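Below are structures written as structure tokens.
Next, two complexes with chain A in common: one pairs it with chain B, the other with chain C.
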Partner chain A sequence: MNAPLPKRIWQWFAQTRVGRSIFRVGLPQSNLERAQAMVSSFLLHVQPAKVSRHALRPATTFGLGLISLYLFFILIGTGVLLMFYYVPSTDHAYDVMKDLQFVVSAGLVVRNMHRWAAHLMVLFVMLHLCRVFYTAAYKPPREFNWLVGVGLFLLTLGLSFTGYLLPWDQLAFWAITVGTSIAGYAPLIGQKLQYLLLGGHIVGQESLTRFYALHVIVLPAIAVLMISVHLWRVRKDGGLARPDEPGDEVQQIKLGQLPTNKSYGLMELARGTTPQVGKDPGDEVFSWPNLIFRELLLGLAVVAVVLFLAIFWNAPLEELANPIHPPNPAKAPWYFLGLQELVSYSAFWGGVVVPGVLVVALALLPYLDRRREGVGRWFARERTVATSIFTFCLIVAVVLTIIGSVFRGPNWSWQVPWRQPSAVVEEH
Partner chain B sequence: MSNGSVSKFYAWFTILGLLVGGLAVVGYYRDEYREWKGYQHKFIQEEIRRAATPQQRVLAERIPVQIRQIILPDLNRVDRCTTCHLAVDDPSYGGYPQPLSYHPLHQQHPFEKFGCTVCHRGQGRATTVADAHGSPEHWDQPMLPLRYIQASCGKCHEASDNPGAPLLARGQKVFDDTGCRGCHKLGGRGGVIGPELDRVGARRSAEWLRKHFLTPAAVSPGSGMPPQNLSPTDLEAITLFMLSQTGETAPGYYASMKVIPSTGEGRQLFQMKGCIGCHSIDGKGGKVGPALDDVGLRRTPDWIMQHFRDPQGVTPGSVMPKFGFTEGEARALTDFLVHLREQKVSLDLPMLMGPVERGRALFGKYGCAGCHGPDAKGGVPNPNAKTAQQVPGLIHVAEGYTAAELKNRILNGQREITPLDPKLPPPPLYMPPWRGTIKDAEIDDLVAYLFSLKPKEDVGF
Partner chain C sequence: MNHPIPNDQVSRRGFFQLTLGWLAAGFAVAASSAAAVRFLVPNVLFEPSQQFKAGRPDDYPDGSVTFLEQERVFIVRQGNTFRVLSSTCTHLGCTVNRAERGYHCPCHGSVFDDQGNVKSGPAPRSLDWFSVSLSKDNRLLVDKSQRVKSDNYLVL
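Let's turn to the complex of A and B:
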């Protein structure tokens, strides 16, 4: 048999004594073994033995959630490596960054991977959220999972934000100063919250200790738990959202005409409104290899992209943090720049009311929008109003972020990035 | 799924696997082949070439290729410069091209104790030429250009007392003579029109400072500082002196090992605290306590230190009061006394001078000349001032002021200067209030000096 080399190696290993003790099934040859491969493996059994063709189509999800998950894995791996060197002390943290760059083997690449993967994860979690909205995948029975997802989105921002301080350079110090002062605008609890986060009135050693503990244990632990719940709920809620009506890709068949040569798992006999009911199980294919291989390929692609970025672009590192020399302008991390732009108009409305209302609205979305049309279809025509409102908010957020990122110069004044700035007046 | 699409998976696995593997190789290569290794191989080759005996050759071949660093906890530094500059302490490498050249001064400043960046600045932790030497973006301390290296001597050594740093001493003199203190505070003493200069050397580059002295407004828009007309050497000297003002002090070991004691500080204290009221030097001074000319020969430094702390404990029955000096002050005074004979100190002791002479010294001490010109003759531009667009000279104050009025004027200053044209920006220079800076005992002397400036024989019109 003229199989590719990796396949031949795998086949050889799977039939050895050790291989059989681990994998039981070996390389599946029959449909039964394909199902067993999924069910008998701890790592694979999280996913169903069979999956619909709809779910496999790239345009269904673009793999955005899975990409976020892979980035999370990369972040855990590189993060643990960085922890072997990092010292959460204002006296040493910055020196560690320099040592990672100049003397630690692969230190710079690992730090770069961590940084770029973190930015990418924020981005892809946002994109994933947009995808779920535009395909109406938050509608019953998936309301709660949407809520968990919103929590994970905020958690991702929290993870990125707490990590931002750790290099203890000017960028870190002032981004956290700006970011936490936005939190301080909240009524009643704002000041207390800011004090609690920083362990003082300004960013200092206590802040670094707190951010470090949050970044390396508290938030990741919560994230792992919530991601587990999130994935488990995806299956319990009937897999990926699919259109209710039979489209051209789904052949509806009459009950009583079920083919007799199929085997069915319990999941396929699940409760009433699950998308499987009334549909031809023939539209489904075995997860091994159709789903698993695609997922592994996507994983390789994500690693390749992050590695590529990390090898050729260094993570930023500015001067040592200096509490008496604020850069002008001092900017929050990019994902908060829209917020900072809003705050520049009104601290209370921009820093508290607008983001507060948006987050609450986002969380309550599936309970507010109770119509059931359009599930599983992009930009369904029946949801024009919802799509329009969401798109409007999204565009405003993106525009505000772009303004805050590139169109704001010293003193938060308007600046055109491609024009040479006029001589900056030096402060004495 | 047909077998065909499974094969497609394997094709993709191969492509992506090769891509990730290739990137890993590229990453490894860039990580492994660092530029400092090349310099170390060159050094090892040179050592092998110079080996005279087989044993030496074996030793040379065994020199490990590794990061070398000087860890300086007191200075909060890790200097890896010797990773490439491998022969800094080997005189036989004198005249070699960098990075293998020998560095003089190893005797006076052993590099194991001092490192490199404490004088040269730059980025000690860096192991690439660009990051260590250049002015990489986002690094506070670019390397100090060699022609300004004397600025670093000022970190530990007194600027005016160091024969090894003549340009630094000259810079200090230019600073004092020009009257920079009239507008700028340095070491807590000076005016308030311009910014304080205590850390200016850490904030500004040599290039910036040079430009700023020539045309202040060009690099610092809106600055009212008059352009300084300095000779090229004086310009270099004052730039260097400014670069030496980094606000850093030498800690622990480094402060205690000063080869040239900071007698300047001790002399200042000696004058300020009025020691000469009871003690004499060179026959001048009081007779209550013993003369101090040869105290450095009679007593050990420890004895003198202890005497400052507790005079009666060391010399029972002494009438000398406990002055409560800080340890630093006591050490400075002790340094001064111990080195009195070798230094051939000439004391400008105020109590030995007349009021006019003291006033002239004060005119220099507070930098009045910076605005009112040398010897108070005026001529410093102050655009849009009604007084001929200049800061007025002071030689005629005796005609316009009583002593009380003049004192009042100096102590309270004059914030608003009458403009020539009210539509133009107000004149940048003004008279700051000197109350609290110039001491009460000094103000009379200053007035006496200013009154003495009245030309003796006015040629009438």
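Let's turn to the complex of A and C:
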């Protein structure tokens, strides 16, 4: 009995009547129990009993999707806590922010966590999208899951954008004024959409109520549903995309060609790359503990990083929203600053056409790119053209975002960030 | 179904059942969607009135451009003529600031001249001019729902 105390307590509890009624399988001791632990647990059965070594390698995915999921969990947790204090009223919302900061125990940390987790989620969802592109993981049979992923990407932006208004400070008010005005440029439905979104012609109480409803129930509910579909499809589409290995070629045996000296089971007549005949699945290991503990460790790291950010950096809060004085310069959230930079040249082309075309192109990507090479490998040489186009768009987006973030000063004129910004003169 | 129907054929009854079923379902979805969208369109707006009184004409000195914060308009007086200029940037709805000459938008850098015309920047059209008249009690009456041309003056 040299096992550490927590393990001994767990072993004892798992043996009791209550423990057995809950867990069925105790702490797995054999391979059978390792498989059973995965299959018989509600929380674990989403994942396979065995997983390939390829999937476990950090460089396969860098865990980007899982990190996004953990951030989403943090956002739900902190978001529900915030709901206990928040009032979606233009008279009270800002006061609640101050209360969270000065009155509520740990209020500031919870709000900070929510804010940083939200920014990080946008970032990691984007990185996840890039990973899936660069490893060609959207190719058949995973086309539909890519589409769901693009939907989730837009949903993440929508969640972040609707949450942006809720503190009802200057930052919130003007970011939403600018953001919804961009929507107003959409052809045909633009004006109506803007009116519907704001519940009027200007950002006011109706807008706040609407954004609140969207932020706390409508969009999260859709997100939970779509994340479920997304994860389920990962398994149904055969797990993480893997490069073809020798012997993985599709075996298609015609019945008439079967050699007569061998008997065949139904499985051996199956088409496809997954259950290979005569191939030792030697590159697979049990999910418990190999996958589960890596995932838990990653979860711990994500919580630690968000908590660290939340303790040392406060979420921004400017003055109370003032419809009369836009801050100079008035900036959208960072992930929309590339868009805002484009919009500063032309609202219609930069705000509607370019993002519209990009989103449609992203959504249709797996149906446009019909070549099958390079699945599961980073920057596969056969995909130089696709990789180059995507990288070009990515670089343009990043450069525009950087310009919008730091190179744009008062009146949206050029500024050099490492010089002292010129004083803003209030002109009336 | 007393008479067995081959799989690739639809009986008359089956056809009507199918058609009616789909029609009913389609109608239910369409009607409830339309009702839901209509529900979300506000019928009453609790926004400041589009028409308001802006004080006596003499409150504004000759040659002045006065910003009314609540209404977000500029009252422009030249001699005995009055005009009202919108301060809402035609680009993305920010409030423009009065500059030494013309108006500047702080959000995306649009610059307008004294007549509200776009001099530079992304604004797609010039600033709006609003209708202004004199009420019976001798006050300036501005109607923001009525747009007028820039050479439309109220002459006193």
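By our rule, the second predicted complex is superposed on the first by the 385 of 428 C-alpha atoms of A that agree within 3 Å, B and C clash if a C-alpha of one lies under 4 Å from a C-alpha of the other, contacts with A are read in each partner's own complex, and residues count from 1 in each chain.
Here is the rule we go by: a residue touches a chain if its C-beta (ideal position, glycine included) is under 8 Å from a C-beta of that chain, and two chains touch if they have at least 3 such contacts.
All values derive from a computational prediction rather than experimental measurement.
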Chain B versus chain C as contact partner of A:382, first or second or both or neither: neither
Partner chain in contact with A:205 - chain B first, chain C second, else both or neither: second
Chain B versus chain C as contact partner of A:103, first or second or both or neither: first
Chain B versus chain C as contact partner of A:327, first or second or both or neither: second
Set intersection of chain A contacts, chain C complex versus chain B complex: 426, 428
Footprint of chain B on chain A - complex, ascending: 4, 6-7, 91, 95, 98-99, 101-103, 105-106, 108-109, 169-170, 285-286, 289-290, 293-294, 296-297, 300-301, 303-304, 307-308, 310-311, 317-320, 423, 425-426, 428
Chain A to chain C touching residues, read off their complex: 174, 177-178, 181-182, 195-196, 199-202, 204-206, 323-330, 340, 343-348, 350, 410-413, 426-428
Residue numbers on chain C that touch chain A, as the complex places them: 37, 40-42, 45-47, 67, 69-70, 72, 91-95, 97-100, 104-109, 121-122, 124
Chain B residues touching chain A - in the complex, by the definition given at the top: 1, 6-7, 9-14, 16-17, 19-20, 23-24, 26-28, 30-32, 67, 76, 78, 80, 123, 125-128, 131, 138-140, 194-195, 219-222
